[in-house]
Structure formats: structure tokens, C-alpha cells
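Look at the two complexes coming up: chain A is in both, with chain B in one and chain C in the other.
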Partner chain A sequence: MELKFINLSKCYGKKQALIDFSATMNEGVYALLGPNGAGKSTLMNCLSDLIEPTSGKILFDGKSIKAMGADFRSIYGFMPQSYGLYPSFRAIDTLRYFARLKGIENSEKKITQLLETVNLTDSANKRVKGFSGGMKRRLGIAIALLNDPKVLVLDEPTAGLDPKERIRLRNLISEVSFDRVVIFATHIVSDVEAIAGNTILLQNGRVLKSTDTCSLIESIEGKVWEAKVRNADEAILENSFRISNITKVSDGAIIRIVSDSKPYENAVSISPSLEDVYLYYFDEAASKND
Partner chain B sequence: MTRLMYYEWYKAFGGFKWLIIVVILIIKAVFTYQSLDVSVDFSIPIYREYISELSEMSQSKAEKFILSENERINSVLGGYTEMESAYSSGKLSLEEYKAYIKIYHDAKSKASAFNAVYQKHEQLSMLSNENRIYFYDLEWYTFGEYMGLDFFAIFLIMIFTVPIFCREHSLNTHHLNMVCKNGRTKLHITKLMLGFISGLVLGLLAYSIDFAIFGLRYGFEYSDMPIQAVMGYSHNADNVSVLGMFAAMSVSKVLWCGCLALMICGICALLRNNIISVIMCAALLFFPMQVLKLNENSPSWLYSISILSGLSGSKENIDILTPLINTAIWIVINLLVTATVYTKRRE
Partner chain C sequence: MLRQELKRILQSRVFIILAALTAIYFAYLTASYFFSNKQTITQYQKDAEVTNAFLSEVSDQSADGANLYNTLKEMYLEAENELGRLSAQGTGEGGQMSDEMQAEYDRWRIAMHALDCVGYQFDEYPSFAEKTIKKAYLLSNDGSQDEYTIRLNKKAVEEYNVARSFSLIDTKPAGIWHEMYSARYRYFYIFLVFVFVILSADIFCYEHTHRLCGMVFTSKNGRKCLLFAKLCSLWLIAVVTIVVITIADISVCLSIVGRELIFEPVQVLPIFRRSTADLSFLTLIIYSGVIRLLLLLLVICLVAAISTVSRNALVSLSINAVLMFTAFALYSYSIGYEKINSISGDIVLYEKRFELYEKLRGFLPVCFVNPISYVEKFDYMNICGYPISRLAVCITVTILISAVLVLTAFSRFGKASKAIRLKIKKG
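Now for the complex of A and B:
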């Protein structure tokens, strides 16, 4: 299974939302990481055929997804960042309706299984209008999974979920990813770290870095430091370096710094995390843009 | 597609939305009941009496009767001044004058009703022999006058058809739908079919209420009489009974209701906003009629294509073809809209 993006670009008037995006994806979890306006949703909407790319194409197993049309949609699952559901429908009706829309026959068993997977079995007969944001999100994921999609795209899937639900959902994404391409966009770096085998960093419509998540973390090895500083030095360091964490102690603070060179006399190099990667690349890109 | 249609139907009419239809139809029934009061500027019992007498006469006898009655009433009413001066000058005794005054009041009370009978006689005399039939037609006449523009039907169709295409955009579910296998053309066609069927059913309900209320109130007496014999319908060229004419008129209007629903569907699919769509639909409904009102030399096709004109009352011939042509036109427009929305204008 291969999903290939070839020089995909999208312009809204003069604004370029996505610039020459190229990537090849196989089975596994791909995280799209980037600040607001980086082009994550634009990329997902192009893949969902909700917007027409200005140039470039997307191929699934060598065939253009545009030419595949309904055939591609039958193996595609998508949960947009913001979406509504029919308030008068019960959860089970919603899934039945989308099962019809997806052209699935005999969907009852699948629906029961999915309701259990997303922990909505007890609310199956409740109307959606009474659902919390998290419940709606879980129902959205169930909708996306209804047709056992080969390509599953989730835009901010864990937004609005409590920590327990987030972990549950992360595990679910991991479970279903072994035989499909899962792409998800998020701001929550810990989600990426937990489940994404591959990470694509996007900034202003361009790919900053695209590699497996471990390599990405390794790429800033030796650039993350920790130092115990006096109160007086804290403000100076904050103004001069990218600070990823500050822990106050009685006689000063322990500061985690992302820097190419040793930032402070007693600073020691420590293992980087994906949050440090985020800070390293996006701050760097931002300062270049400035 | 049947199951998909069921869910689309549920979205449009499910929950307690059907109660809105019931409430509007009850209001319409009350309105219809009140509007079907026969209201004319002459005495209904006298008119009925004349018509009853005439209906039992042969055509020649009826004609003679009308002419002589016309002469009698005119001479009695016209002789008032002369009789009054004759009585004043003593040429007429009190008894004779009293007898005249009695005749005079009788003629005066009958004059306006007879005038209506006379007009009806003139109307019938233009028709072929088999259509020259006298029957009490004021109830059917009132029914015909009432069957004009049915705002209840238009309102019902508007409030139930507009959301069929705008609901997804107002609820923000359209992206979820559009990424589904059947979420584009098939869903659009299902919605279109639902819109058309809803238009037909709501129209049928609205016009059935009219018939039901009329039937309950007056029965369907004289429904088998030729339509040309009903006041105001003499120019109709169709060989059809009174009931046949009103039934055909209703069928034509129901078809126009379907056409109206299709127009709304097309506009809503393009504009995707409840309020803007309603404004645009109202403009498209009323604009051709306003142009016609302002300019009498407007082309006749403007009248033919106007859905509002089809929904208005007509005493002319039965026309089923025009709403069918309009329906076909709107189906083509809707298919083009489908293609546009889902290929070129996805966002």
C-alpha cells in the first residue's frame, strides 16, 4: 500500500497554504506537526478531495485519487478538525446513517464493535444533542473507522478529550495502524511521541523535516541542555535562548534549554524529547522568517 | 438508495417536525373553512330559488322565463314614479297602490339576485346546448375563488425543503458526508428526490384539505355538471365536469409544488445557507410576477415559467404540460448544480 503526494501545492489567492508537498507513505502512523496555518488541514482537505489542489497530484497505489473518486472514498476515513453531527439522531442512528453513506451492507455488528471501541456503548441510544465535545469526537472517530479504511486521516483527534480518553484513543490509533496508512495532525506533541512512527514538520505550507520520529529526536541530540541558574540569570537566559521548561527551586531555577551551543557554564547535555524538537525547528524557522 | 432516503426523510420530518405540518394544516383548515363562506352581494336564497326553478325547465322554457321575469322586474321597478304620482293624484286607490307596493318590494328584493341569474343566462347562452345547464353553483364558484395562491402550501414547502440541502452546512456535517463513498452524487440525487416528493406530498396535503373542508361543508353536489356552467368559467374549453376541473387544477398545482421544491433544492445546493436561500427563492418566485405587473408587454413565457402563476388560481384551460416542462427544466438545472458543486466548487 502506497500513498504518494507529488509536488502538491494549494494557493488561496496570493496566499500559499501548501507548497510543493511531496511524501510517500506506507502502512503506519504519520503525524503532521506544525503551528496553526502550517498547511496541515489544507493537506488533509486535498487528500479528502474537499478542495482542489492548485498543482500536483496524490496517488494511491499508483492511481490518482481524483480519478478513483468513489473508489478511493470507499477505502478512506476522515475525521475533520471541526464538524457537526445530526442532533436529533441517536449515536447508533448516526453510525447507521454513515454506514449507508459509505455503502456498507450488514453494518450492525461493525457498529456494535465500534461503539465499544470508542466507549460509547452505554450512550448508543442517546441523542447526539446531549453529547459532550469528547463524546462527539469519539463518535467522529467511529464514523471514520466504519468502512475499515485503508487510509485514515484524523485532524486533531485528541483535542477536547480527557487524559484517559486520549490514551485510549492513542492506543486505538496504534492498534488500527498495522495494515493501513494513518495520518493525523495535532498540536499535542506527546501524542506524536507515543504513537507516530513518522513525523512531518510543516511550517508556512512547507515541509521542514520529514523522517521517522526517533531520527527526528536524535537529530537534535547534544542540543538540549539543563542548567541550574540563579534568579538573576533566569531572565537573561529566557531572552537569549529557547527555553522548553523552567522548574523553580529555592535558590533559583532548573532550566531546560534548546541550543546549538552550551548556553550556561554549568549546563549539562540531556536527552532531547519531541517537544524540544518542536521548539528547535519551529523557533528556528520563525526566526529565519523574521 | 431506499435506506439513504429513509434517513434523509427522518432528518427532514423526523422527531416532532411532523407536528409543524399538522399545526400548519390545522390553521389552514380553519382558514379554509372561513374562506368558503359564500359571500355575494345578492340574496343567496332567492338566487337558489330561481336556479332551482330554471333547472326543472327545458332550455326554451327557461329562456322564455328569464326574458319575461327580466321584463317584469324592470317594468315593476321602472314604474314606481308613475304609480306614486297616480296614487297622489287620486287615479289609483289605496288598495291598488298597496298591491303595487307589495309587488314592487318583491321585485326589488329579487332584482340583484335575478341580475346574477340573468348574467348566468347570458354566460350559458354562449355555450353549446349540452353545457347550458342551470344548477346552484355559488359554492363551487366560492371554491374556485378560494383556490388561488395557497401561501400555506408555499410556506410548508419552503420550511421543509430549504433544510434538505442547507442542513449539512449549518450543522457543519458536509465534510463528513462528502468523504463517504455515496456522500456526493448519490446523496445529492437522494436529497433531490426527497425534495421533489416532499413538494408533491405537502402540496397534495394542502389541496386535499381544501377538498375535504369543502366536501364536509357543502358536499359534492352538482360535481358532475360541466365546468362552463359555473359562474366565471364560461371561457374554459375543456370538456370536463366541475369536480374534474378542480381535481385537474389541483393536480396541476401539486405538480407546481414539486417544481417549486426542485427550484428550492437547486438554489439551496448552490447557496448552502438557509436564510440567503429563502430570500433568493422568494425573489425568484415573486420577481417574474412583479415584472408582469409593472409591464403589461412583458413576454408571455415569463408568465409561463413563473411558478407563482402556476400556483395562482386559473379559470382557463387545464394545463398539466407547463408544470411538467418546468419540473424537467429544474431537474436538469439541479443535475448541473450537482456536477458544479461536487466537481468544480467543492469548497
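Now for the complex of A and C:
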């Protein structure tokens, strides 16, 4: 299974939302990481055929998804960043409705199984209008999974959820990621670190980096420092370096710094995290843009 | 899919509110008409008989329309004065009108009714400071010029060669029945058109309004199949609405005019006397239902096309409402009158906008709100030398427009558009 993006670009008037995006994806979880306006949603909407790319194409197993049309949609599952549901429907009705939309015959068994997977069995007969944000997200995942998609796309699946719900949803994505291409967009770095095998960093419509998540973290090995500083030096360091964390202590502060060179006399090199990667690349890109 | 979509629509708040409003309006119309006609039908018949007799007598004596009108006016004023005089003297024994007073009252009422029925059209006549007599028709004795109205003075009679005898518009009980259709229900159907505009705009734009595009339009059947289900659901709702209204209508008519009249040919009514349609009153009701159903189906197709292009319920609603208002305003304008002359500041002459009206009825489907107009007389159009029924032309136009609109909707529904792009861009 291969999903290939070839020089995909999208312009809105003069603004370029996506510039020459190229990538090849196989089975596994791919995270699209980037700040707001990076082009994540544009990419996903192009893949969903909700917007026309200005140029470039998307191929699934060598065939254009545009030409595949309904055939591609039958193996495609999408959960947008923000979406509504039919408020008067019960959860089970919603799944039945989408099962019909997805052309699934004899869907009852699948629906029961999915309700169990997303932990909504007890709420199956409750109306959607009474659902919490987390429940709606889980129902959204169930809808996306109804047709057992080969390509599953989730736009900000954990946004607005409490930590417990987020962990539950993350685990769910991990569970269902076997044997399919899962693409999810987020700016919550810890989610990417937990489940994504591959990460694509996007900034202003361009790919900054595209590699497996471990390599990405390794790529800034030796560039993350920790130092205990005096109160007087704290402000100076904040103005001069990318600070990923500050912990106040009685006689100063412990500061985590992302820097190519040693930033402070007693600074020691420590293991980087994906948050440091985010800060390293996006702060750098921002400063270049400035 | 159709069942699921129908279920969703029937559960939606917009549908429930609109259905309730329609049901209340229809129940009110039906009940008020049923009871008001039950109460007045005998009086109406009595008035019709005496007025007919009077008119027949007075029209023989009248040299022209002006004289007839003046005779009626004099009689009315005279009776009114006499009534005033008698009233000042007291009503008679036990609060009852004396015989003399009753006779004057009858004369006054007949004169007033005759004036109404002869139906001269005035914006206002000086002698009737508080009265405006409107909606007038003058039927000439050859029965072919009822589209032309008042020419009240000698000059007008000479100039336009208007016939000199007059008859009532219609004062038979069946006339009331006809009026129920042509007058009251016409407004109900205009109301119904707007109900369907609102409902359809909400349904066709639902996915966009409720941020469901991403999930629905990425489903295998989320485009053509869903649009088909939406269209079929709305058409089904339209069919059920028309069937319910038609059944209620037949029931009311049966209770008012009785079982015998409903199977009579429509030609027994003066207004249908030149009709070539082979219709009884029952089949006329059914025919009217079918034609109005066609109008509703067209409205649904129109809203579908505009909604799928605009992708915004409010925009679609506004565009459709403007289109409908324009069409109905044009129709309403065409059935009105144009002032053609004013004589001595006393009498105003009008002529119906006949040519515009006839053209519109061939090509403007909103004219289907009054389907009776297509069968009340020999109504053919000359198309390339062939006489083609105006009804057939308008039905063909309606079907063609509907087909184009449906194709437009199918080609645009769920496809990427500027509206989506802008929305995403803002997001």
C-alpha cells in the first residue's frame, strides 16, 4: 500500500497554503506537525477531495485518487478538526446513517464492535446533542473507522480533550493503525511522540523536515541544555536563546535551553524531546522569516 | 439511504416548526371557510336570486353601462336615505323592523350587492366616501371579453364597442366553492412555496451549516446518493402535503356543495362555461393538486441547485426568496389592472394587463398557484402555427427547468468550491 503526494500545491489567491508537498506513505502512523496556518488542514482537505489542489497530484497504489473517486472514498476515513453531528440522532443512529453513506451493507455487527472499541456502548442509545466533546470525538473516530479504511486521516483528533480522554484516544489510534496509513495533524507534540512512527514538520506550507520520529529527535542530539542560573541571568538567557522550560528554585531557576552551542557556563547537555525539536525547527524558521 | 435521510429530516427542528405552522394555517383556512360558508350560503343564494332579477330588469332599461351604474347608485342612495329616515322614527314594535323598513332595507342591500356584482372598478367613488369597490369584471354578452373591464360612459362604450348588457360574476353556491380555490387557497399555496424554500435551503445546506462536509462528502455514497436521498425525501414530503391538502379540500367541498355537485362537469359554473377541459369538480381538485405539486417539485429543484452552488443556507434562502418574490410580484402585477382613462375625476377606467398575463402563464411556473386559470376557457398558444395548450407548454417548461436544475445540483453537490476554500482559509 502506497500513498504518494507529488508536488502538491495549493494557493488561495496570492497566499500559498501548500508549496510543492511531496511524500510517500506506507502502512504506519504519520504525524503532521506544525503551527497554525502551516498547511496541515489544506493537505488533508486536498486528500479528502474537498478542495482542488492548484497543482500536483495524489496517487494511491499508483492511481490518481481524483480518478478513483468513489473507489478511493470507499477505503478512506476522515475525521475533520471540527465537525458537527446530527443532534437529534442517537449514537447508534448516527453510525447507521454513516454506514449507509459509506455503502456498507449489514453494518450492525460492525457498529456494535466499533461502539465497544470507542467505549460508547453504554451511550449508544443516547442522543448526540447530550454528548461531551470527548464522546463526540470518539464517535467521530468510529465514523471514520466504519468502512475499515486503508487510509485514515485525523485532523487534530485530541484537540480540546482532557488528559484522560486524550490518552484514551491516542491509544485507540495506535490500536487501529496496524495495516493502514494513518495521518494525523496536530500541534500537541506529546501525542506525536507517543504514537507517530513518522513525523512531517510543516511551516508556511513547506516541508521543514520529514523523517521517522526517533531520527528527528536524534537530529538535535547535543543541542539541548540544562542549566541552573541566577535570577539576574535568567532574563538575559530568555532574550538570547530558545527556552523550552523554566523551573523556579530558591536561588534562581533551572532552564532548559535549545541551542547549537553551550549557552551558559554550567550548562549540561541532556536528551532532547520532540518538544525541543518543535522549538528548534519552528523557532528557527520563524527567526529566518523575520 | 432515503429512509435514513427522511428520518433525519422529520426529526429536524426546522421541519417540525414549518410543519406546525403549515398545519395551523391550513386548519384555520379550512375551518374558517367551512363555517363561514355554512352560515352564509342561504343568504347568499337569496341575494343572488333577487339581484339577478333586478339586474336583468335594469339592464334592459339601461342604454349603457353608465346608466346601469347610475340607476344602481341612485337606488342605493335613495334606499339609504329612506332607511335613515325610518330609523330615526324608530324600528317598530318589539325591536323588530317594520314591514316598510324591511322593504327599504332589502332594496338597499340588493342595490349594494348589485353594485358589487356588476363590479365596476373604482379606486374610490365620491358618493361612497368610505367604500371602495374593487375587483370588477364586466361580462359582455358574447362571453369572450371578460378580460376587459369597465368602460362606463358613452364615450368609452363607443370607443371600445363594449356590449351593453351585464351579468353577475357568479352568485351560485358553487361560486363560493370556486372562490375558495381561486382566492383563499392561492395564498396558502404561495405560503407553501416559501415553506418549501426554507425547508429545502436548510436541508441542502445542512452539511455545510453544521460542519459535516468533511465526514459526509468523504464517504463513498456521500455525494450523489445523499443528494438523491435529499431530493426524494423533499419530493415525498411535497407529495404527502399535496395529498393531505387535496383530501381535506375534497372533504370540505363535499360538505359544502354536496355529493351531487362534485361529480358535475365544471362547465355548469359561468366561469368555466368556455372551458374545453373534460373535468368534474372532483377531478378539478385533483388536477389542481397535481399542478401545484409540479410547482413545489420545481421549487425544490431550484433550491437544490442554488444551495449546492452557494453552500450557505442563508445565501440560498435569500436568493430563492428574492427569486420567488420577484416571480410572484410579476404574476401579481400581470393580474392587476392598468389605468387607461379618467373621466370627470369621477369615473376611472382600467384594463387588465392581458397580454403580459397570457405570456407569463405560458412560461412562468409560479402561475401554477392558480391552476384553474389554465382550464377555465379555451387556452391555446400559437407556436409555429400549431395550437399548443398553454398548460402543456408551461408543464414542459417546468420539467425542462427542473431537469437543468437537478443536473446542476448533481454536478456541484459535495464538490470543492470557492466557498469551502474561503471557509478553510479563514479557519
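The criterion applied here is as follows: the second predicted complex is superposed on the first by the 290 of 290 C-alpha atoms of A that agree within 3 Å, B and C clash if a C-alpha of one lies under 4 Å from a C-alpha of the other, contacts with A are read in each partner's own complex, and residues count from 1 in each chain.
Everything below uses one rule, namely that a residue touches a chain if its C-beta (ideal position, glycine included) is under 8 Å from a C-beta of that chain, and two chains touch if they have at least 3 such contacts.
In this text, all values refer to a predicted model and were calculated from it rather than measured experimentally.
Per the definitions stated earlier, placing chain B and chain C onto a shared chain A by superposition produces a clash between them.
Shared-chain residue A:Ser250: touches no atom of chain B or chain C.
Judged by the touch definition given at the top, the superposed model places A:Arg100 against both chain B and chain C. In the superposition on chain A, contact is made by A:Ser41 with chain C only, not with chain B. For the contact definition in use here, the residues of chain A common to its chain B contact set and its chain C contact set are 45, 48-52, 70, 73-74, 76-80, 82-86, 88-89, 93, 96-98, 100-103, 140, 143, 147. Every residue of chain C that touches chain A in the complex is listed here, in rising order: 1, 4, 7-8, 11-13, 210-222, 225-226, 416, 420-422, 424-425, 427. Listed in rising order, the residues of chain A touching chain C in the complex are 12, 15, 17, 41-42, 45, 48-52, 70, 73-74, 76-86, 88-89, 93, 96-98, 100-103, 140, 143-144, 147, 155.
Every residue of chain B that touches chain A in the complex is listed here, in rising order: 3-4, 7, 10-11, 14-15, 171-173, 175-184, 187, 344, 346-347. Residues 45, 48-52, 70, 73-74, 76-80, 82-89, 93, 96-98, 100-103, 140, 143, 147 of chain A touch chain B in their complex.
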